[in-house]
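Before anything else, here's the structure in question.
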Amino acid sequence: MATEETGMNGITVGCQRSIENGEDYIDSLRGRGLKVYLLGENVDEPVDHPLIRPSINAMAATYDLAVDDPDLASAHSSISDRRVNRFLHITESADDVVMQNRMQRRLGQLTGTCFQRCVGMDAFNSLWSVTFESDEAHGTPYHRRLKNFIRHCQELNLVVGGAMTDPKGDRSKGPTEQEDPDLYTRIVERREDGVVIRGAKAHQTGCVNSHWIVVMPTIRLRPEDRDYAVCAAIPVEDPGLTFVYGRQSCDTRSMEGGDIDVGNAVYSGQEALIIIDDVFIPWERVFLCGETEFVAPLVERFTAYHRRSYVCKTGVGDVLIGAAATIADYNGVSHPSHVRDKLVEMSHLNETIYGAGIAASHESHRTAAGNWENDGMLANVCKHNVTRFPYEIGRLAQDLAGGLMVTCPSEQDFKSPEIGPILEKYLKGRTDVPTEHRFRILRLIENMTLGRNSVGYLTESLHGAGSPQAQRIQIARQMDVEGKKKLAKKLAGITE
Amino acid sequence: MATEETGMNGITVGCQRSIENGEDYIDSLRGRGLKVYLLGENVDEPVDHPLIRPSINAMAATYDLAVDDPDLASAHSSISDRRVNRFLHITESADDVVMQNRMQRRLGQLTGTCFQRCVGMDAFNSLWSVTFESDEAHGTPYHRRLKNFIRHCQELNLVVGGAMTDPKGDRSKGPTEQEDPDLYTRIVERREDGVVIRGAKAHQTGCVNSHWIVVMPTIRLRPEDRDYAVCAAIPVEDPGLTFVYGRQSCDTRSMEGGDIDVGNAVYSGQEALIIIDDVFIPWERVFLCGETEFVAPLVERFTAYHRRSYVCKTGVGDVLIGAAATIADYNGVSHPSHVRDKLVEMSHLNETIYGAGIAASHESHRTAAGNWENDGMLANVCKHNVTRFPYEIGRLAQDLAGGLMVTCPSEQDFKSPEIGPILEKYLKGRTDVPTEHRFRILRLIENMTLGRNSVGYLTESLHGAGSPQAQRIQIARQMDVEGKKKLAKKLAGITE
Amino acid sequence: MATEETGMNGITVGCQRSIENGEDYIDSLRGRGLKVYLLGENVDEPVDHPLIRPSINAMAATYDLAVDDPDLASAHSSISDRRVNRFLHITESADDVVMQNRMQRRLGQLTGTCFQRCVGMDAFNSLWSVTFESDEAHGTPYHRRLKNFIRHCQELNLVVGGAMTDPKGDRSKGPTEQEDPDLYTRIVERREDGVVIRGAKAHQTGCVNSHWIVVMPTIRLRPEDRDYAVCAAIPVEDPGLTFVYGRQSCDTRSMEGGDIDVGNAVYSGQEALIIIDDVFIPWERVFLCGETEFVAPLVERFTAYHRRSYVCKTGVGDVLIGAAATIADYNGVSHPSHVRDKLVEMSHLNETIYGAGIAASHESHRTAAGNWENDGMLANVCKHNVTRFPYEIGRLAQDLAGGLMVTCPSEQDFKSPEIGPILEKYLKGRTDVPTEHRFRILRLIENMTLGRNSVGYLTESLHGAGSPQAQRIQIARQMDVEGKKKLAKKLAGITE
Amino acid sequence: MATEETGMNGITVGCQRSIENGEDYIDSLRGRGLKVYLLGENVDEPVDHPLIRPSINAMAATYDLAVDDPDLASAHSSISDRRVNRFLHITESADDVVMQNRMQRRLGQLTGTCFQRCVGMDAFNSLWSVTFESDEAHGTPYHRRLKNFIRHCQELNLVVGGAMTDPKGDRSKGPTEQEDPDLYTRIVERREDGVVIRGAKAHQTGCVNSHWIVVMPTIRLRPEDRDYAVCAAIPVEDPGLTFVYGRQSCDTRSMEGGDIDVGNAVYSGQEALIIIDDVFIPWERVFLCGETEFVAPLVERFTAYHRRSYVCKTGVGDVLIGAAATIADYNGVSHPSHVRDKLVEMSHLNETIYGAGIAASHESHRTAAGNWENDGMLANVCKHNVTRFPYEIGRLAQDLAGGLMVTCPSEQDFKSPEIGPILEKYLKGRTDVPTEHRFRILRLIENMTLGRNSVGYLTESLHGAGSPQAQRIQIARQMDVEGKKKLAKKLAGITE
């Protein structure tokens, strides 16, 4: 296959240079002319928008970690025969799957938010085996194309966003039953050189910060839904794409100029709605096209990977536990047993999430395509705990923070020459701790439990990678009730 | 007592006209020349500030409800021999205590937030019996003064804020052990005609919206802390007072001009820091001055009243349950059993709070001073559940809302002629429901679980009227372990 | 009505003498020739059977309490114009309903188990209004008959068991759909002088210890189910009745001769299956016969009363909390903060149950028939918490007990001259506490969390008065989702 | 070392023949002349005692599983260079640690109870590294002796019980502070050929069913406690040992002759008190003697292994979930969504335990001595969830069981010619299911939640391997609060 040998795999659109580190990555995003709507306006340059920039910084951290700790955040890939960012790596062992979790926790610790690069990693790994199986079954060319595309991304060290969630319209109806057929992304034209697709993808993590997005169907499909069975890669600067930035709690604090009231000045997450307005995709970047029977396996494998990727939240939880311990110190109440006990409870819950997640990864099996896939039951259990425990951890953090967290004056007041010194006097905690430090840590806890990063730590923990009920359905499927009944009947002395 | 017969009880400062309804109340707040700092600036007229106004509207609702439903929100007072707003009423029966709870729940339902008038009500009722007992013990004149002041407030229908919480500095130290003696409010001068006090009061609910504040000590005091044992009424426009407005999650959305992204455009809560800069108070408005032994009873009675006042949160919970049920409808998923089951769970938790609260009120006893005081154990139990269940109710509401709640574009985008129609198309849920309705209800849930009113529904539910540990200490005191041990030993056949 | 004037209301079967106190009550049960099966044998005299007797003692406590504390456990009835045991009282005020709860908690404290007399009390009070309404609607004579029967029971101070729960067979099918029509109790013959009924009643609390049982239907019925719509009183010694004693965890320890391993030597609960083998009931004791439309109200009112009657479990909880505190003392660990904290948590949960229960009673309303009925929502909420919290309280009690609770040697070993002294040495806790005391309190906790009285404190807390799902259905019915949606839409600015 | 080459390692006491399978194992226990007290009597032959036998059967299952599934339940040991029962295996890889968990879950599924062989396995593995380190530090001969002893046990395939828990007396005092110095096991004499020890070990799992017990100290010791720092192996038939059998809920049902009311007729757990009355141990079987500084590491490592060994409870949980699903079937209610949802919740909790446990094993590290030891934090988290979730799983199982579980007549009644057929009629559920099957499954659920095996599934889950507070202390030690504070401060912009 000639294209595979030449330059960047013959893919001639999108970013065409190899990215070295976080700073380089940020540069790579400039000047792309994206259509990004935010607060009613089309943003000139997302990279320089104060509300958007923290989400770019979080993504940049995934590059810098690979430089700072290559064992953790990069791996040797046999696809491109080079060391690649782990987010672009196709797992070659159970340990590779485990290392993803370690890296995710670390990045959660470093950023205190969603660093947005997991969806693409999990999409690549699930497509890897699904395209392989489709090719085996139907002689389709998907696996080769995917490999080619992955090699391209590895060589240039690109960010690839996985775009799965359709808007879905009336939830009681399937894709073809909607009044508006575009509420699930679909093929509107099949051409000789490729396909044209239309629709939208909602809640797209880090999409504005990506170089490519890979669209995938969001639910199992029936044979008659074949136009909805499409997987393909689109460069983010495709003119048919429009991005509408999702509003987050307290988002405009980033535009106020300070660095305290934002809580976490450097990092945030990002979710946007992508409108796909009749985008043409050449065959070389199409990885599924009408094979509806492979959609269910794709969704199931992707969610299996992705539900255990939520151990990233334990890294965020580490930050919140640390913040809670710090404010207790600053308030002068680090000694009481109930304070210590709450920190223990927070840690216990946080590690319970981690346990199920890393267990899922350790219990990986090799797929027919050769990559490694984690255990599904434990991944669902991990994610299901993620839909519960961060809320309790957040509640306990607020308990230790005290009411000042939500009654504290603004940063502008603290800096005001008139009222600032008075606040300095009256809002002091322990005398050896600057009032500003106390104020900063309270704002961080606010940020993580009510403000901008609570979006990622709480609500997105509920719904990302599937809402709680989705995990329950999956647990029901895998819990082997019939096998368990047999165990019980045997011990009860029942023979049927 | 001549002063009691003349005009407005001889109190010649503060608001001097009787207030009829909400609108009239709002007018009464204008032109007071308060020093209110907000976002670094001294606010010209708080009434017209878009960020402050919703909190005034919530307070105004307490006036309007008394007009619309006088049985619920007013009562005949034997002090002024007239029908008075229930928030100014000294309870004359157990039923009066119960009616407070019913009114509180209703106002929670109507405003979806903290309407700020309970603290004064609970302060008046606890001071009623404490001043009586001080007078009995020491021949002090506090009860008569208090009665006189209450009559004044009743006649003019004023808002009285109870100001209890001191900044506290280093929590491991008491008032006199702090490096800075002002971190608890204290008497700095005793004069012939009154006292001068200094300090601050933190987290003061609705103080900018009040006509008077009544300061009270915040913790039990030792004999040597007598300068800190002061209760007294101060008019809000006293020039020695400065208010620094507490920042809330998403507060500046109120300043963006729209009415959707705010979630609840009309109502919000208010907390501010009050700086008391050497304020003189004439004796006629001093209700405790140095009698440290009456501080513990005052704090305990106030918290007994106030902890069961938190049934207001069940009214807010009603709104959130309704919002969750509405979004399920709009998403087209009102039928699945898990949706219904979550609404049941939310209601169960909400009513569990209400049960303990209203039970505390029903189980009231008459004090020596003649008013009625609720059961302490059940009030603590009510409040302790309030520190837990709203978080779970909020989590379940977010579960039913779906991820769109935190990824939804801004109101400005929806109204943009360019991108608005596209959002209308792609974010539609059930076809018979306008997309805007869906958007509005999502913003309301965001408002109550992450945004501005989450401050009141969540964090303030934790810390208001005492943090969780305060209730546990009180439950420990009242749980009668020794009596319970006797029951157990008897049944176990143990005779000691 | 001549019968009402003569002697014991003209009811000439069953116990015919007035009972004074517990001892007298026990005597009244002798020599009745009941058919009671227990462990495969027909019991000669239940009163003297060591396994049955503790349940009789618990019932006797309801008599003794009325003597010892008449304000609590008796009331003046306008039906018989005399002071009657409160369990036989038709409520004449909200306070009467509240006093039932106070009495129930006290009896739970005194017996540590189910004292079995509430079902009859709740049956009488629900039948009171239902028969009244049937008479109003159809001119039936049920209310007069019931009043006559109640007067009889009041005058003789009898125990009346309410018999509601049918065996139900295949739960997915209604009464007439069962293969065997007898799986719900039904009328098999209508005669001129009365009816003949057949069927069974399962889980009948205290039935062997009763003088009368009142049968009632167990679920809402359709018009075609009219043979199943029957309420009537049957004397326990009716030869058509057979009782099969329910087996309880550790029941035979009562037959081992000691008083320690039983945990609670004096008191226990009782549940039995009643077989009703074509029992004739004269019209005078028939209170419903075919009026299927009154069955749903009867069931709903009965469960409303009965679900809040479960505050009895808070009395049992008081014992368990006391036992846990005692064993902590005996182990020498009463001081650690985590021990105190667990006692606080147990108390908090226990009082949360009590709060909802007593609130339901306080919030009673007068029925058309003149008696008072508690709030349904809060009663369901109370019971629903009873299906959860005792398990957690029990878990915490076991936590404080330590593992010895389930590894402790037998009473016979402790009393053995060979091994006893060695156990005395090695199982000693605090040196000033006799080892036997420690042993006794451990056995009490075992009794309440695994043993005989765990049946009442745990499993029966789940299923008595309806399993958890029954409360959820009732909460769903009463939670007024539509009203709550309106509140939310108003605040969200939605007008439809 | 000559002894290591000859025959059975020169150990000439205890069982001297190699055991093949479960039956063979049972035979090996006969005729040992143990002093076992049970219900006040010295048992003639424990193997044939109906109350004891089920616990022996459970232990026998560990032999049979090694025959039936050698990959799962045996391993090649480099110590004896042969395939050995996995319970006697010193872990040689992380996978070996993981395989222990898999085997434990399987045995929990097969027996529904505690199979008693884990303590010895975990004791061997923790002693392996501790003796190695003691030898390194002090030139002691412990590791060689231990290895010799392990080889002996491997060659004969013996059961080794780990005996750690001392009676502890007054918990507020350490070993030497007790009034009676024997309340912690101690050396009373040091002789030339060995030591003499005295004391007791409480809650000893499976000790009567063992061939050897290895005593170990139970808490960290101070230098002055050196007499208490002793590890050594004693043959169970040593005449200085006396066993007092722990009483369990419903234990005597095993002596009633039937096979239904027992719930699980074949298997049970076993806990006993061991009295150690001046037992002499030759040096060759002494593995620690006075080195107090190695006691803390020993306890910590043992609990690290053992707390994750509690994944056995997930196997028991599988049985209980299966039983709950079966009774729902039999009752005719397997379809309602709330039933399915409860099974999902039970599974989710069960797998959450498993996740943390297996994760702890996967995350093993190699010790200096060469064997593999699991992660401590995750092991503590696993065990801490075990102290909570089985209670909730048990509650849900009881919910699905229905009230009949605790009101069902006895097996004797069912078999009675008089009353049996009537019970058959009235207690039938679904018509195609024999009433006896329904009865049997109810008894199994009773057995696991209130009866004999609830001891292991509930209470022992709380206290085995350390009570909840012990895990909280360990989590506190390992949660790295300081590291977490640094993460938080960095993100909050605090530099100190």
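Here the chain labels run A, B, C and D in written order, and each chain numbers its own residues starting at 1.
Just so it is clear, a contact is a pair of C-beta atoms (placed from the backbone, for glycine too) under 8 Å apart; a residue touches a chain by one contact, two chains touch by 3 or more.
Since we're looking at a predicted model, the values are computed, not measured.
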Between C-D and B-D, the pair with more C-beta contacts: C-D
Relative to subunit B, chain with the most remote C-alpha centre: D
Equivalent interface to A-D, taken from A-C, B-C or A-B so that over half of the residue contact pairs match: B-C
Subunit B-subunit D separation of Cα centroids, rounded to whole Å: 53
Between subunit C and subunit D, centroid-to-centroid distance (C-alpha), Å: 39
Residue numbers of subunit C (touch at least two other chains): 338, 341, 472
Residues of subunit C touching subunit D in the complex: 37-42, 165, 167, 169-173, 179-180, 182-183, 200, 202-203, 242, 244-250, 252-253, 256, 261, 271-273, 275, 331-333, 335-336, 338, 387-388, 391-392, 394-395, 398-399, 402-413, 415-416, 418-419, 422-423, 425-431, 446, 450-451, 454-455, 458-460, 462-464, 467-469, 472
Residues on subunit D engaged by subunit A in the complex (per definition of touch): 98, 109-112, 259-260, 263-267, 318-323, 325-326, 329, 340-341, 343-344, 347-348, 351-352, 354-360, 362-363, 377-378, 381-382, 384-385, 437, 440-441, 443-444, 472, 475-476, 479, 481, 483-489, 491-494, 496
Of all residues in subunit B, those that touch subunit D in their complex: 337-338, 341
